[in-house]
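First chain A sits with chain B, and in the next complex the same chain sits with chain C.
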Partner chain A sequence: MKMAAAGSLLPLMEALSESNDLWAPIVEDGQVVFGRWKGESLPDNYRVTDNSPKELLLPQTESLMRFEGVYDQLDIKEEPIEGPKVAFGVRPCDAAALDLIAEVLGSDDYPDERFGQRKDSTTVVTLACDEAGEHCFCRAVGGSPASDRGSDIMIYPTDEGYLLRAVTGAGQDILRQCESALDPAEGGDVESAAADCEDIEMPLAEEISPDGVTEDWHRVFESPIWEQLAGRCRSCGICGYVCPTCYCFALFDDLRGNSGVRFRGWDSCQFEDYLLMAGDHNPRPTETERTRQRFMHKLHYFVSRWGEYGCVGCGRCADKCPVGIHMLAAIKELEEVV
Partner chain B sequence: MRQLQKQLRQEAEDAFADGHVEVFIGYQEGFERARPVPVFVRDRESVQEMVLNEFSGVSLSKYLLREAERAQEDASIGIVARGCDGLGIERLLYDQCISREQLYIVGVGCPGVVDPEKAAQLCGEIPVAAEVEKQQVVLQTSSEELTVAKEEVLRDKCLKCDDPTPRIYDALLGEEIQRGPVRQNRFDGVEQLEAVSDDERYEFWVRQFDRCLRCFACRNVCPACSCVTCSLEEEEPQWLKRSTSSSEQFMFHFTRAYHVAGRCVSCGACEEVCPVGVPLMLLNEKLLKDVGELFEEPSPHLPSETEPLGEFSYDDPEGWRGEAGQS
Partner chain C sequence: MDPLVPEVATIRKITPETASADVKTFEVQPDESEVFSYEPGQYAMLSVFGVGECPVSITSTYEPGAPLEFSIKEVGRVTGALHEAQVGHKIGVRGPYGNHFPVKQWQGRRLLFIGGGIGLAPLRSLINYCVRSRENFGELQLVYGARSPKDLCFKEELFDNWPEVSGMQVHLTVDAAGDDWDGEVALVPDFLEELSFSPDDTIAVTCGPPIMIRFTIEALKRMGFADHKIVTTLEIKMQCGVGNCGRCNIGDKYVCVDGPVFTYQELSSLPQEY
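On to the complex of A and B.
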């Protein structure tokens, strides 16, 4: 257990950046985004970044391979994966979300190699929360502002400074690298620092609970609420793209003559063409089915397959949906029908 | 505004009672009071769900496209419209997406809409009520009352608005607020960007577009983006690749901006919905400024019969097929 020297995280970030590709919340034109670190302190009072750090493990788009030729003379070159990264200042909800995605993309049956390699080579340094944001509700979905799930190192803010604890061996290795930026934590009590974060006020987590929705999912599925919620949906991809647990992607070929690149890129179940099939059949033809899918997936399908909610309560959907169709609103409306 | 809400409900109720309105597009209470959401009222009884307050400002006009498609042929669609939505409705009318006879527009003389994020910053919590006065805004939180300048708390788009009252309506709530002269500061941002070097400007846009998630919210909310199939979603040919390389991001943003050049009504909805703060209005305003200067249009964002880029004339000084003055 260590303390960040001089009560600041900046020297630690500087030390980490010396031999690592460091990513962190940065301020860019007034937006707080998770991006490549440029030497600044962490932004003041940020809660979660606009984009989720899932981008590091599952990029918005990436080229998978390049190919050239035809049939038996096809030359395929796999696209190499970039080197290891350190993700710094990740929030507990976002770190847990990386673990949730790994349930699916890292499963033994169908492992996604590129995701897996990135997950293994990314060190997650998580900053526990000492204040809940306007739309935070992690506790209502099984998370915690002090959770170390998905993290290699935990940082707990305390009155005396930042207390650090390595969660994994990889975390320990990284901490060893930056001894110069750390002080011994004399008398620092990690248990009570974590408990302080654990206990922060989070009004929304007291107010809503998805448990009833999950249990009574048959009724929920048939509820007229979906049509009302979806009526105002603009069919954009904001909710899925800012969500730290959404992992859907699609594959695309960019062809030029006999050569080309195969890409994959995020996709969203809110887009009309997401499930569009040959012959123009669309199993989710209107906003109603698509909206229902989004919430049912996180509150029921994911629960029945993986035993936990597919939502970590970061509140980004509530921050960003321009027409108020988000997890909090959905749970609140649905609580009234179950 | 409380008074206006009462009037709105009355107008909507009368419209349903007359039997010619099938649906009324307005606002209802959202998850938070300071974030009302769009509502589609389909019967007289539900009219009481409608709200109209200092926070209800989400752009509504684009919903008319979908509702017009679903509506019975002779049925009308009611809609409440502040100045910006009024222009959005005009856009759809001039683009012949909907017909005037189909609409029942209840206009609002709009003093500006409070931005809940800005208000929360000022109050430390989202206020429960607000009153927009001539020069200032009174914010009401659970424990106190706070008076702040308009500039501090109204939405960005309201601070640049020249069109508080819709130009077309069937009923008007409250007083008409006269449109002022075009604001002097309207193109400040564009001019600042025009003043820097090409390289700096390029870097600026690379940085902005790099954040873009391609969620298409900007396009989906825009009343000037009314194509049935957007060219950017065509598979054959695939104009826009799914890659988010700088060149593809430029392709997306320039295509979007040029498609609405001379047609953008400057409602600001695109920028407002962007989840990552891409300053889309800077692009739109640059094109509006150019159209204004090149075609001597004092208010290029106002839809009209003879829009510089929306009309073909045999007398066009630049001719047809490159031969000046010849048809």
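On to the complex of A and C.
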């Protein structure tokens, strides 16, 4: 076990950046975002970054392949994948979310090559939470402010400084690289530091619980709450873009002259054309079906497929939805109908 | 290799199926490898480079060395671009994807195929599978309809080949016809009920437009078919074909990997979002 020297994480980040492509919460245009590190300390008092670190593993847009020719003399080249990264200062909810996406994209039958390679080559350094934000509810969906799920290294804030614990072999290797920036944590008690984070106050997690709300899913599916919730929806898709567990993507071609690129980009089940087919058939034609799909997926379909909620309780949808349609609102409504 | 990157394949032959050629059958051969092995009911993702990709059921029946066949109706962007393609042109193919008709489980059973329009495409793979291993199945019945006689697909098989197969009967109908048609004029579900097949030891397999499937299932139930003996194959928008892109869920099932073949019993437990 190690301790960050002088109680600051900056020397550790500097040491990490010497031989790694370091990504961390940074301030950009006055907002805290997860981006390539630029040499500064972690922003003060950030809770979660505006965007989630999922984009390191599943970029918002990426090219899968380039091709020359359309119908004739076709030549395809797969797009290479960028090198390894270190994601620093990730919150436990976001680290767990990477694991959750890996349930789907890393499943045995058809593992997603690009996601898998990035997941294997990304070292996740997680900063446990010493305070819950306004919309935090990780504990209500099976998470914890001290969870090491999806992490290679855990950092626990304490009054004396930051205690570090390697969770995986990859984490151990990275810590070894930065020994000079660390002190031995003599007398430091990592378990009690973790327990302190574990026990932080999180009022929302006491208030709401999705447990059992979809038990009678037929009734929940038919409930009028969806129409009420969806009434204000602008189909803007911000919920899916900021969500650390939303992984839906679309493929699309861009053709310039005779050469083209096949891109993959995030998509959102809230968009009208998400399921719009040739012939204008749309199984989820209005905001009502689409809103229901979003919450049913995270609270029921994901559970029945993967055995856990498809939500980590980061609260970004509540932070960002312009009209207040988010997981907290949905759970509250559902608690009332069941 | 990234499973989302298709293999380049060449169109070897294009056969118009309908009088207006809004349905064409494409014979396709991968350039660099053998045709993958597949089962009746599976589909592939087809690409026109620069236009995009879409799922298409494989209408041929696997045979080593034989090309893939896809019967495609021109309905949208990618199918439109496919219809513009010529023999010798390159397209992308990846697959096979999805589950398939459980032909092994159906050995010894009687099979009732009910198709409408281009919905015969996935059934054709199954029918020819059964025809080829004829001794493994009981009586085969096909009820097939189209809007008009000009819209009937796979005419050679409908009129020449399948009626000659021992223990197989072909019943054709059209929604509307002129003097050139002396066959049945009725909607498929009505015709089906008129023919009235026994549900004993019989599996009913249906594919066609959603409205036809709906009324066909109702007719089959009235004829005494149990929900688990009614089988259909669904179509829905897909992007990846491999259960990753999130697109094609119906409740907790993904049509791309859990389907496209479902029994009516399975569908009954899912939301009606397809």
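We take it that the second predicted complex is superposed on the first by the 335 of 338 C-alpha atoms of A that agree within 3 Å, B and C clash if a C-alpha of one lies under 4 Å from a C-alpha of the other, contacts with A are read in each partner's own complex, and residues count from 1 in each chain.
One rule holds for everything that comes next: contacts are C-beta pairs under 8 Å (C-beta built on N, C-alpha and C of every residue); 3 or more make two chains touch, one makes a residue touch a chain.
Values in this document were obtained by computation on a predicted structure and should not be read as measured data.
With both complexes brought onto chain A, simultaneous placement of chain B and chain C is permitted, the two fitting side by side without a clash.
By the touch criterion defined above, A:R232 reaches chain B but does not reach chain C.
In the superposed model, A:H297 lies in contact with chain C only, and not with chain B.
By the touch criterion defined above, A:D159 reaches neither chain B nor chain C. In the superposed pair of complexes, A:R284 makes contact with chain C only, with no contact to chain B. When both complexes are overlaid on chain A, the residue A:E336 reaches neither chain B nor chain C.
By the touch criterion defined above, A:A250 reaches both chain B and chain C. Partner contacting the larger number of chain A residues, of chain B and chain C: C.
In the superposed pair of complexes, A:E186 makes contact with neither chain B nor chain C.
In the superposed model, the vertex angle chain B-chain A-chain C (Cα centres) comes to 90 degrees (nearest 10).
In the superposition on chain A, contact is made by A:Q73 with chain C only, not with chain B. When the two complexes are overlaid on their common chain A, residue A:D108 makes contact with neither chain B nor chain C.
After superposing the two complexes on chain A, the shortest C-alpha to C-alpha distance between chain B and chain C comes to 9 Å. Overlap of the chain B and chain C interfaces on chain A: residues 250, 252.
Across the interface of their complex, chain B is touched by residues 28-31, 33, 50-51, 60-61, 63, 134, 231-232, 234-238, 241-242, 250, 252, 254, 261, 263, 265-266, 268, 273, 318, 320, 322-326, 328-329, 332 of chain A. Chain A meets chain C in the complex at residues 64-65, 67, 69-74, 76, 78, 104-105, 107, 109-114, 221, 247-253, 255, 260, 262, 264, 267, 269, 274-279, 281, 283-284, 289, 293, 296-297, 300-301, 304-305. By the touch criterion stated above, chain C contacts chain A in their complex at residues 1-6, 8, 47-53, 75-77, 79, 85-86, 89-92, 210, 235-237, 239-240, 242-247, 249-252, 257, 271, 273-274.
Those residues of chain B that touch chain A in the shared complex are 30-31, 35, 37-40, 58, 62-63, 120, 126, 207-208, 211, 213-217, 220-221, 233, 238, 241-244, 272-273, 275-277, 279.
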